[in-house]
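Right, I'll just put the structure down here and ask away after.
Read from first to last, the chains carry the letters A, B, C and D; within each, the first residue is number 1.
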Amino acid sequence: MKIKVLLFASFRETAGLSQGTLEVEPGATLGDVWATLVAEHPRLAPHSGTAAYAINGTYARPAERVSEGDEVAFLPPVSGG
Amino acid sequence: MKIKVLLFASFRETAGLSQGTLEVEPGATLGDVWATLVAEHPRLAPHSGTAAYAINGTYARPAERVSEGDEVAFLPPVSGG
Amino acid sequence: MTATNHQQASQSSPERDVDLSHSLFKVSSEPLSVDSLVAVVLTGGDGAVVTFVGTVRDNHMGRVVLALEYEAYGGMAESEMEHIGIEMIERHGLHGIAMQHRTGKLAVGETSVIIAVSSPHRQAAFAACSEALDMLKATVPVWKKEYFEDGEVWVGQGAG
Amino acid sequence: MTATNHQQASQSSPERDVDLSHSLFKVSSEPLSVDSLVAVVLTGGDGAVVTFVGTVRDNHMGRVVLALEYEAYGGMAESEMEHIGIEMIERHGLHGIAMQHRTGKLAVGETSVIIAVSSPHRQAAFAACSEALDMLKATVPVWKKEYFEDGEVWVGQGAG
């Protein structure tokens, strides 16, 4: 199934990609999506420990399952203000 | 000697006077000035316990002596903000 | 009799060596602007400005308030605000502080006072703004009259 | 590649019955005004508005900062700010809260974020504004890049 992926800030620059579409297996978790993304963009690997995950604009844990058409975002540590 | 006296807020309304000149003895204290003022405006008497005193724009204690030409102010409890 | 401001020259503080180039202490009848005071206190070294904006509330102690009138001993009020400002700058390492109080009769929702402080760090800015407000309420010679539907009263001054 | 905002509809909070008519949560590239946000949050029942104004500082960790660039996940950022706002309204009895963050490249002295809260009483307003800022810095998806004379770096994100 297809999901939409968003990357921001250093993740975006590292991958050279602000958004894209990923093909993942039905039942895939956010952690699986990140692993698929890292396989395509190995330079993201060092960020695995600090990335936060969101589904459709809400924070979510790595074990959460994604659904067809979801908007999945991977977020570096925030630094607003 | 002559000094200038300023009254504010409820004191001003009670005395019907925002500023005036008082004649006091050389060596008079702020407390003496207040007593002279109260003698002229007896309706100020109930405020004797709450009035704060200032000489030339600075808070001062009742025992402080005034000098010719000083600007003496009697201040009700402040309520700004 | 209308409220009057008794002006005198603002006192300087020659006994302390504090930079007041980004500070302001003012009492006047003109309307207040937060953005203007933020511009006064802000320096390139600041990351944080905290402001307090005091406004006329439509009720007090369960009674409907129609308006407030502020009267000040203008010169002394500015001098007392400067004393507070210098103390805050020294205690909290502020770069600037502005305190401006409005006088005259104000309608519900109008701004009576603004305090703005600038600091490299936010904790100092919040603490200084809050403390400066408490000190202003305790020592700066400004008085407030409340107008109700059935009368008016000077706040905290006993029977008029 | 330039920074982009990924917009989505702001989430509502049907599970709670909170009046947000004097609140605002916004992420955009437009310049910020404190007076405008004070006007948003102020109601006739308020006596106090406290604001935090975050500005671009000319130094960080001893290095000269030339500019900051902010990037946001716009829709989620507004949604997270609304969650914070609702929590602050409920915890502190606020009448309104506005949180607005600017995106794009900002020069030293420009305003990056404003938080304004209104309350009948000043203590609640100070506490809520400070807490809302701490929460914003912890959870709202906004990122800051620092521009130095000899390079640029995303804050707190390790090697780029």
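Everything below uses one rule, namely that a contact is a pair of C-beta atoms (placed from the backbone, for glycine too) under 8 Å apart; a residue touches a chain by one contact, two chains touch by 3 or more.
The shown structure was predicted, so the numbers you read here are calculated from the model rather than taken from an experiment.
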Subject >> chain D reached from chain B - shortest hop count over touching chains >> reply: 2
Original post:
Cα centroid separation between chain A and chain B, in whole Å?
Top reply: 73
**OP:** Report, in whole Å, the distance between the mean C-alpha point of chain A and the mean C-alpha point of chain D.
**Re:** 24
**OP:** Could you list which residues of chain D touch at least two other chains?
**Re:** 54, 133
**OP:** At least two other chains touched by the same residue of chain B: list those residues.
**Re:** none
Original post:
Tell me, which pairs of chains are in touch?
Top reply: A-D, B-C, C-D
Subject >> chain A - residues contacting chain D, complex >> reply: 6, 8-10, 12-14, 16, 18-19, 46-47, 50, 54, 56-59, 71, 73, 75-81
Original post:
What does chain C use to touch chain D in their complex?
Top reply: 33-35, 38, 42, 44-59, 108-109, 120, 122, 125-126, 129-130, 133
Original post:
Can you list the chain C residues touching chain B in their complex?
Top reply: 1, 4, 6, 8, 11, 54, 70-73, 75-77, 79, 101, 112-113, 133, 136-145, 154-160
